[in-house]
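What follows is a set of structures to go through.
Shared between the two complexes below is chain A, which has chain B as its partner in the first and chain C in the second.
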Partner chain A sequence: MNRDIDKEIHNEAHGMTSIVKTVARFLMGIIFIFGAYIILYGHLTPGGGFAGGIILACGYILLTMSFGKEIGLRKLTDNWASILDNTGALLFLVIGLLGFTAGSFFLNFLGKGNIFDLFSAGTIPLNNIAIGIKVLASVFAVFIALSIFGRVVSDYVEDEEV
Partner chain B sequence: MEIFLLILTLIMVIGSIIAIETRNLLSSVISVGVVGFCLSIVFLMLGAPDIAITQVVVEILILVILIRATITTDNTSIEKHKDTFAVVTSLIFFGLFLIFAFLAVQEIHQFGDPLMRVSQKYLADGAKETGATNIVTSVLLDYRAYDTIGEATVLFTSIVGAFVILRRRGRKQRKEKDVEKVGILDDEDIKKDFGGF
Partner chain C sequence: MQGYYPLFTALPLAMAFLNLLVSKLSKKVSDYFAFLVMAVLAGMSIKMLFVQPFTYQVGGWAPPWGILLVSDGLSSMILAVINIIGLLSMVFSISYMNTYTAKPKYYTLFLLMVAGMNGVVITGDFFNMYVFLEIASIASYALVGFGCEREELEASFKYLILGGVASTAVLFGIAFLYSMTGTLNMPDVAHQLEFMEMNRAIAFVLAMFIMGFGLKASTVPFHAWLPDAHPSAPAPISAMLSGVLIKALGVYAIARVMFHVFGPNDMISAIMMFLGALSMLVGVIMAVGQSDFKRMLAYHSISQMGYVTIGLGLGLNPNVSPAIAAFGLLGGLFHLANHAVFKSCLFLSSGSFEFRTGTRNKFEMGGLIRRMPVTSATCSIASLSISGVPPFNGFWSKLIIIAAFIQAALYSQGDSKVWFMIYGIIAVFVAFMTLISFVRLQKSVIFGKLPERFASLREAPFSMVVPLIILAALCLGIGIAYPFIHDTLLEAAKDALLDKVSYVNLLIGS
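Then we have the complex of A and B:
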């Protein structure tokens, strides 16, 4: 991390106080690892693509709220959020269509593997990953749309009244 | 166990009533959060950790978004006057609902008694047929994946709707140098003085 970005992170004008920023920096990695674990082990333990995707999105929302929207939108812009949203949905649909190669729609055409293995259960982990990407991107996009878009609109209206 | 469930349900009922009746928007939002977290504990105690995880996570997200939405608005309290006609009508319909609910509850199965035989097959053969030890995931993404793609479509459509409605200007007009440029932020906007949250 070069010095300019470091200075910008510690800038008090953006985001919340440095207490929140320090705690958020500790928690961020743990939240992302937990979300990835929930997605990848969705076929073995409780959880799955939807819950894990929302946990990952909460990590991004924590980043955006504590460090300010400049840093948050630099990590995941809303253009990229909508691209990832489409990618996840299409990936899920493509996995479903690939089932036609073995017979029917959404057929579990890959090998089942050993039970309790990480790489098992055929297409279920792939579907989980696709849904995780989709939910991560779309929930973060909703947060951006509800907070930042509305904020900019209200700033504009206030300026106009003055 | 049963008593603890009843206490949690009572807390949820009280939280819902407070959420409706209070004048302050922030305390209303927090009461809704109390209801959601109690609901997740209820799910956990009834043996549904999948839904409990999802409920906790979604509740946190909704609380964050709603608290941000209520704090930024200036008008955080509601001045309302009670409409007697509305109160009387809702009381009548609530009484009707109670009568029919009482009739319906007498016909319902015992609590925890499986209604359909399909679920028995999932429980017996799910791990063998799909290879997934999490039966909920095997139902969602293997047996009933067609329903899941419908849910994904609903989510996708709602995101598209939110983006279309909340963004003021279209994507093509974004490049115009205009004061009221609102919507998708690009690098120039981020460098400008929007200030922090």
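Then we have the complex of A and C:
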């Protein structure tokens, strides 16, 4: 899937054994595709932004757990997790606020399209995508906060330097 | 104005998330952002006081299905209290929070808490109320532990567990109501309940709500988290927690649900009056012996919230004459607003003293009026106000509550006569004890001998002094302008709360 992940597979220095790493590398793509599917079809099938976001976050958690924290944080740093977290929340709110242009907060102002089409239901798929980003980033951030950070959190140090 | 009603939650939420993004580029701007959004909210909330009642349908969905936002006299009054105190605490934070790290995160949590409280106040939907209750509570758990010291984390954890139990109880009650009525819209639930007899399920829901909202309002059997949580938080947050949060999440929610959804009821009235009297007594007795300045104020919060609860309890009583019930209710609501003003002033001045002296123990301070005259003067005004000395605002609200109970005792029949008299006497006794406690506080902190090591103290920074002066001016101003406030704000809030019929009619009207 990715060159530096391939290099890490037989590196016993960090992460679990190469058996776990091989299986995790194989599963990762499937997990991400499934998560994206759950988010994008959220308005048609069971699931949606939250469930899909959790699945995507589980993909990253699997990566971190099997390959060690260096690889996990290289793919999604805590800084980017925080940025994505805020962006997802803001996107959701902006979609709600855009409803004001058509008259009411959270009004579904886009065309509804045909029922059971992928591009239908107005703003709901967009809301699902925003929630997906938010949940992915915040669940991953909670995971790294609980598991990796010790007493010193990265931006805590930043603040003290200022 | 009506079209922008949802901005009361949307604006602080947007700024909370934007703030963290922007703070990655520059740390300085978050002060201005947070101040700006609170100033806009305070301006909007003052404007709301002069707007007629209306409803707002989120997303254009009609009431029983969609989320309904309700504006009436009560919600306008509480919104004004939340956002004005919020603005002043925010101004105070600008200098005070320099002693902590991660200031942008503090502002984010602060704005999330304001968004949650505004949401609880504007909503007319049970589940929406629960969600906003949780937003405000979770932000406040994090803010209580913001200092990350041992004591603060312990207080935060205790608050988290007890607050979580309260939220679960509220959610459980909402689930029961939903299973009985099949709707979450508050006017619709009220409408459905009118056709039901009192049964065990409703009694269970009442118990859950009294426990859940009572824990958020820290009435006495559920008060254990407050004396730890309020002193541990940074001073502006103590002011917000004690001045606003326990009112918006606890008392406002309980008033809205009990008056508008369940309607006046003998049993709820008796329970609320008893809990109120117990809170007043226990709070004040525990407060007298405290040496920690902020811990003493926290116990007084419990005691003063007892006045509000007892006033609302009398308002809920269907057996006394409607005029007396309305009088008690008015006293409770007035005391709610007054307590927000003087208690946030006291907490902010305690923060100001702590900022300069570095201690919270009131026996280590002394003679501070010679070194910090403005802070001492405002602290003294707020102390007189909380003790109910005329002409400050606390005097009027206590007078109304006591007068309402004495009237209720004189003009009603049966066993309840004795109880009303006892509650009235307790209210007088607690006012007296409060006075003793605050006279002692002033003696040991403001007057007396100045310790050697404080000889070179200076007055607190400008941005900390300004909110104190404004709050002290409000203490005096509300007291003097009482007739005006009574005719405009309080009457509107009281009428809105007593008028269950027009609340139920919101369902048809909108």
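In this section, the second predicted complex is superposed on the first by the 140 of 162 C-alpha atoms of A that agree within 3 Å, B and C clash if a C-alpha of one lies under 4 Å from a C-alpha of the other, contacts with A are read in each partner's own complex, and residues count from 1 in each chain.
In this text, contacts are C-beta pairs under 8 Å (C-beta built on N, C-alpha and C of every residue); 3 or more make two chains touch, one makes a residue touch a chain.
Because the structure is a prediction, the values reported are computed rather than measured.
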| Just chain B (first), just chain C (second), both, or neither: which does A:S120 touch? | first
| request: Give the label of whichever partner, chain B or chain C, reaches more residues of chain A. | output: B
| request: Classify the contacts of A:I133 with the two partner chains as first (chain B alone), second (chain C alone), both, or neither. | output: neither
| said: Between chain B and chain C, whom does A:L63 touch in the aligned arrangement: first, second, both, or neither? | reply: neither
| So, does A:S104 touch the first partner chain B, the second partner chain C, both, or neither? | second
| Where does A:L93 make contact in the superposed view: on chain B (first), on chain C (second), on both, or on neither? | both
| message | Quick check on the superposed pair: does A:S82 touch chain B, chain C, both, or neither? Answer first, second, both or neither. | response | both
| query | Touching A:M16, do we find chain B (first), chain C (second), both, or neither? | reply | first
| task | Touching chain B in one complex and chain C in the other: list those residues of chain A. | result | 79, 82, 89, 93, 96, 105-106, 108, 155-156
| field | chain C to chain A touching residues, read off their complex | value | 3, 6, 10, 13-14, 17-18, 20-21, 24, 27, 56-60, 101-103
| Once bound in the complex, which stretches of chain B touch chain A? | 49-50, 52-54, 57-58, 60-61, 64-65, 68-69, 72, 127, 130-134, 136-138, 140-142, 145-146, 148-149, 152-153, 155-156, 158-159, 162-163, 166-168, 179-180, 182-185, 190, 194-197
| note | Per the touch rule, the chain A residues reaching chain B in their complex are 13-16, 38, 42-48, 50-51, 54-55, 57-58, 61, 64-65, 68-70, 73-74, 77-79, 82, 85, 89, 92-93, 96, 105-106, 108, 112-113, 115-116, 120-124, 127-128, 131, 134-135, 138-139, 141-143, 145-156
| message | Considering only the defined contacts, which chain A positions touch chain C in the complex? | response | 79, 82-83, 86-87, 89-90, 93-94, 96-97, 99-100, 103-108, 155-156, 159-160, 162
